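Just so it is clear, A, B, C, D, E and F label the chains in written order, and each chain counts residues from 1 on its own.
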Amino acid sequence: MKLVIAVIQPHKLEAVLKELDKAEIHLKTVSNVLGCGRQKGKTEIYRGHKETGNLIKKVRLEIAVNEQFVEPTIKAIVAGAQTKQIGDGKIFVMSLDDCVRIRTGERGGVAIG
Amino acid sequence: MPQINSGDTAWILMSTALVMLMTIPGLAFFYGGLVRRKNVLATIMQSFAVLCVISLQWILWGYSLSFGPDKGHIIGSLAWFGLKGVSIVPNPDYAPTIPHSLFMVYQMMFAVITPGLITGAFAERMKFSSFLIFSLLWATFVYDPICHWIWGSGGWLRNMGALDFAGGAVVHISSGIAALVCALVLGKRRGYGTDPMPPHNLAFTVLGAALLWFGWFGFNAGSALAANGLAVNAFITTNTAAAAAALTWMFVEWKMAGKPTMLGGATGAVAGLATITPASGFVSPISAIVIGIAAAGVCYLAVAVVKAKLAYDDSLDAFGVHGIGGIVGVLATGLFASKLINPAGNDGLFFGNLAQLKTQAIVVGVTVLYSAAVTFVLLKLVEVFVGLKVTEEEEVMGLDITQHEESAYTLLD
Amino acid sequence: MPQINSGDTAWILMSTALVMLMTIPGLAFFYGGLVRRKNVLATIMQSFAVLCVISLQWILWGYSLSFGPDKGHIIGSLAWFGLKGVSIVPNPDYAPTIPHSLFMVYQMMFAVITPGLITGAFAERMKFSSFLIFSLLWATFVYDPICHWIWGSGGWLRNMGALDFAGGAVVHISSGIAALVCALVLGKRRGYGTDPMPPHNLAFTVLGAALLWFGWFGFNAGSALAANGLAVNAFITTNTAAAAAALTWMFVEWKMAGKPTMLGGATGAVAGLATITPASGFVSPISAIVIGIAAAGVCYLAVAVVKAKLAYDDSLDAFGVHGIGGIVGVLATGLFASKLINPAGNDGLFFGNLAQLKTQAIVVGVTVLYSAAVTFVLLKLVEVFVGLKVTEEEEVMGLDITQHEESAYTLLD
Amino acid sequence: MPQINSGDTAWILMSTALVMLMTIPGLAFFYGGLVRRKNVLATIMQSFAVLCVISLQWILWGYSLSFGPDKGHIIGSLAWFGLKGVSIVPNPDYAPTIPHSLFMVYQMMFAVITPGLITGAFAERMKFSSFLIFSLLWATFVYDPICHWIWGSGGWLRNMGALDFAGGAVVHISSGIAALVCALVLGKRRGYGTDPMPPHNLAFTVLGAALLWFGWFGFNAGSALAANGLAVNAFITTNTAAAAAALTWMFVEWKMAGKPTMLGGATGAVAGLATITPASGFVSPISAIVIGIAAAGVCYLAVAVVKAKLAYDDSLDAFGVHGIGGIVGVLATGLFASKLINPAGNDGLFFGNLAQLKTQAIVVGVTVLYSAAVTFVLLKLVEVFVGLKVTEEEEVMGLDITQHEESAYTLLD
Amino acid sequence: MKLVIAVIQPHKLEAVLKELDKAEIHLKTVSNVLGCGRQKGKTEIYRGHKETGNLIKKVRLEIAVNEQFVEPTIKAIVAGAQTKQIGDGKIFVMSLDDCVRIRTGERGGVAIG
Amino acid sequence: MKLVIAVIQPHKLEAVLKELDKAEIHLKTVSNVLGCGRQKGKTEIYRGHKETGNLIKKVRLEIAVNEQFVEPTIKAIVAGAQTKQIGDGKIFVMSLDDCVRIRTGERGGVAIG
């Protein structure tokens, strides 16, 4: 079991969700984050001063999947989020030791989906 | 020289301020709460900019075109350009007991909010520069003429006996129809109909709706142009229609969709307010209840059923609420108007005068056609010279950052 | 026929709008900011709905019951049902210089806000349908009679010489006591006393408080029913008491809890405003300082000490602020009233007239008992037929989603 | 005995309420939206507290010092302490057609907002206790004397022929200069210039700006102290200058920084409003356009260029907008004033009267010097006895939690 | 050392915190997230249109514990959050390589509690 | 590859970002969280009642780095965030199995920076 964490552009969320659905990956957890990467922050103007923040609004996805779904998940995310421009984001893959479905108490691979 | 009445002046000064409040923060927050987080400042800024631009347009040429010395019943002359000759001496053609300049600035606030209402139709996708140019042109070529026809001394619809107490046709039909044309010409927002686009802050929307209701007392009761019984009648019918329409909307929604919603209540109230506007100084409070109920029923249909069917993207329902509401209101005036309420008005069909209903129907038809046609031409003109829509990427990033390089809220402390 | 005065009419038109503003967005945001995020729309919607429902109730039968031709000093007859006979001709019994219909709609806004105040007591747990029915019944069976007794021509407490300038008993005691009964009958919110329930948006609460303060000028100074010296006196005492009470609350809190808070300041201001209400047209500005200080002291005790001891869940302190404040105010009127301020009033104890204090005490007692008893009966009735509280699951999910299927804020752009 | 005019009274009652609204929620939200999330309540509370404190100060001694019987053209005597002798009988020295007490409470709201404006300069770092003491002292030793000189019967600048219709010097220069001194004495916020400090809620800022604009009609048009042609003129010039200034700011920003921003528009509007204030009752609408444009141009320079160069931390630009705007306005009055607009005023340079411009320059100079000097002394006094700034740790934690032990928003439902 | 991540219904937070306290697990980090699982989103009504979002408000808990506390932690979360209805949420368990208490600089198992 | 998660005091964010920049660690993801640790929540006052919440506003940093950067990252965070007072926060280190740069599709260690 793996946990796939993706940080993407907020306006790519809908596209990524669609790609994931196509790949039959329906479960995920989404949150607002601020990213700090290669991409320069958007410049904002306050009373004539320009300020370039280095924290940019991003969306973070957390998707727990069984091994065979890791590559499809990555593919789907890339398909939905890639613009080939700086700021597209990253995907991180980590090992999951266990997973519990709270509703049933089921454990492991069966609980993930 | 006619005498200035201080009580009337006090009331119209205050009413002018109230109508200004309707545009910002009223309309700005009503609309601003309905859009997505990334477009809230751009949306608010449209209401704000319209107040600034039309305030100057009105002083320079707008007032003269609308209310200046009549030219062929079609338009005011430019004789009052830059307020030349518009002094504190009352103008008995319009308001014999208050300074002429007060009438001018009171009317200014109507000229301001009307293009403001349209912004609901192209929210979340129009370029700011194009919006500025379009609004200026629209005020000059759509609002000012229609205003002259119906309210200007010598205007042909006024001469025909049109009844539009506070702007059902002048304000709501004209802007509502323009909104529909804008929605059609600009096309849908990216993702409309597929991606969810829930309002980002309904508390703001209610704040806006409440301030609209509050300001509408100045809009309708101020249209008596005096602190008198007529103003009081308009005040009461305004409040009554808003209440009846809000409740009706909630109950229809309860029945149809399962629950009464806050947004439904607020939308119903605005629909009721728009609809009672032309009738407020001609009908009784009891008639206002009926008009309010009709307003909510018909506008609900337009917004929840017809719009879904026809699938145009009138983002914030400027057409469905103001356009439809305005039409219902102008016609209802032809039904419910009574000389008992306003001897300077006329009787409607229910008081035995079919002719008035016919006149009202003409007003509706003329306003719809003229606004639709000229709005279309103006949009096309602006499209050719400056473009109308932001790029797809800008739309997706949001207008706040792409049009104004700022964002409304921070995420961290 | 009495003459309409345009200045008086202008002021009461405006005051009516101001009192409307107190309910929405004033009260709506004052309360809305204090609840949890999941209940904000439901809370705001209660204020909104009460404006809609009572606006119609008042026009149909409420005004007639309250101010219509007296029946045995107990209630108005239904002779003015549907505003029959309520025209723009002034009614000298109530307000000789403004249209009778203006007096009617001004009073409407008082009838609206009174049940609105109660909603603070059952916030975050009452069913929307039950709330609607309860409010309609309460307005009819509690507000209208009490209003007739104290303000109606022929009302028995009015005949006895009761002094209640702008509604300390009629508005604040009646609703505050009803609030306490509601809190007791509905019981606590799930988790009350154990789980933290911090206000979700205190900026909204301050916005509401500020608009309440602003609108209160219409409430109190408008109660002079003319733009005259009496109105000015009420305006000044209102502002003064609010300021004194807000400061007092802050300093008490500073002393007792360690810091002066914004919520404390806002709560103190509202307590001061509620307390000065019955006295505002009878006392001097200096007396208003004393009244404001007393208001904050006593209400602080009620809210911070007594409530904690008795452990009832008056969610937003409708009883602690309006009930207690109203009682203090009506009694204070019996102490500080002076004929020098208002010759049509009377002297209080401090000006040598003990009798007035006794009358005021009777007013308090009667209002408390009547409101408590009838509110209890009405609640039990509604409980039997429709139920009062949402289910535990609904309470936990929040009323916005379960009662109205909408949510106030989005999380993503 | 002069006769009370009900229309004038209605308008000034309403104007008083409007000016109150400018402080809360107007200024409170304008400033509150600009600070960081952790300081929003503390910022709002400064506006709130100033309303409370000065309301009492004014009744007790402030009004008497400002407008009481003249002592050597320098200050009012304490003869009117506690409003002794200030009754509803009009005072023809100030306002012959409204109750004297109404003039008093109208002026109170000016005395309230003036120290309120200063709070923008020390936002996010001043101790609440020190702020309270400083504001009380400042009102007494800076505002009251300057007010007496320029507006008090017998005041030396008034005798000299100073023209300051609604407080360009009395309100805006006095507070704007004090703001600069505060910014310099308190020093910068931690991280100023290096860490980003974006406004946490620009929607709130626009809400505040819109309510300021709305309330400003009471501020400027109310300063006619009657519902007459002069009030109407001030109303129109106010709106016009605000519109012209907002647009100018947007266009300058568009040119200079690349985009027109909502904050820029709002700031421009406030700059225009501050600048037209002294001129509003003396100049024509067309002059108001020019004044508005100048206001935005000069204030933009002050805020975007000069401040950056000099690197003082006037957190919310109280000096750059009100100080600079006030100076431009008082001088512009010496240029554009015309007896055709206000026969009780005077002609300015452009109407052939250089002397008026000189007088206006003296008013500017005197106000700047006096306010700067006394503000400095008062700050040093408070610093010695109570301290001015919160500790570095408190600043970093935020004032809401450290000064008031509360937080504005929750994160969870 | 393990990191336990739980995604639960927001209104179950208080109950879960209580159960964790009972189990002597006091340290945790909480955040707002949007979940997308089997549970259909709440239907919302906008001007008569019904819209069923598929992103539902959830609360995310992150709890770092030593091995022997893993099962008690899971038990406590299940005890507090389970309603046996769709939407109850999931628990994910991952391995922690290290843990640092910033205050003291302590590392590893001693730093976790 | 490791994922370093740090929970710190919000007002220490600027300092931590500066230290990280000094250490040449430029990429990170930031979010708002509520912490529940040894530190007592700030007491808040509501109408005279004192309430001590146990959830305190914190900021969470997520930083994916190659092995050799783990210690510098920890050092930088500690340098920026340490006040030696309760509430300073924690750092958690976990193993990353993979990393994808969405823009280019690059995988592994090269994608991380």
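The working rule: a residue touches a chain if its C-beta (ideal position, glycine included) is under 8 Å from a C-beta of that chain, and two chains touch if they have at least 3 such contacts.
Everything numeric here is computed off the predicted structure, so don't read it as measured data.
In summary, the chains found to touch both chain D and chain F are A, B, C, E. Pairs C-F and D-E differ in how many C-beta pairs touch across them, and the larger number is found at C-F. For the pair chain E and chain F, the distance between mean C-alpha positions equals 18 Å.
Chain C and chain D, compared by their mean Cα positions, are separated by 33 Å.
Computed from the mean C-alpha positions, the centre of chain B lies at a distance of 49 Å from the centre of chain E. The distance from the centre of chain B to the centre of chain F, with each centre set as the mean of the Cα atoms, comes to 51 Å.
Chain contacts: chain A has residues 10-11, 30-32, 34, 44-46, 55, 57, 94-95 touching two or more partner chains. The set of chain C residues that touch two or more partner chains comprises 5-8, 10-11, 14, 198-199, 201, 227, 257-259, 261, 263, 398, 404-407, 411-413.
The touch graph of these protein chains is complete, with an edge between every pair of chains.
Partner chain E is touched in their complex by these residues of chain B: 196, 198-199, 252-253, 256-259, 261, 263-264, 267, 300, 303-305, 308, 317.
Across the complex, chain C meets chain A through its residues 411-413.
Residues of chain E that touch chain F in their complex: 3, 17, 26-32, 62, 64, 94-105, 111-112.
Taken together, the chain F residues at the contact with chain C in this complex read 44-51, 53. Those residues of chain F that touch chain D in the complex are listed here as 11, 14, 32, 34, 42-46, 55, 57.
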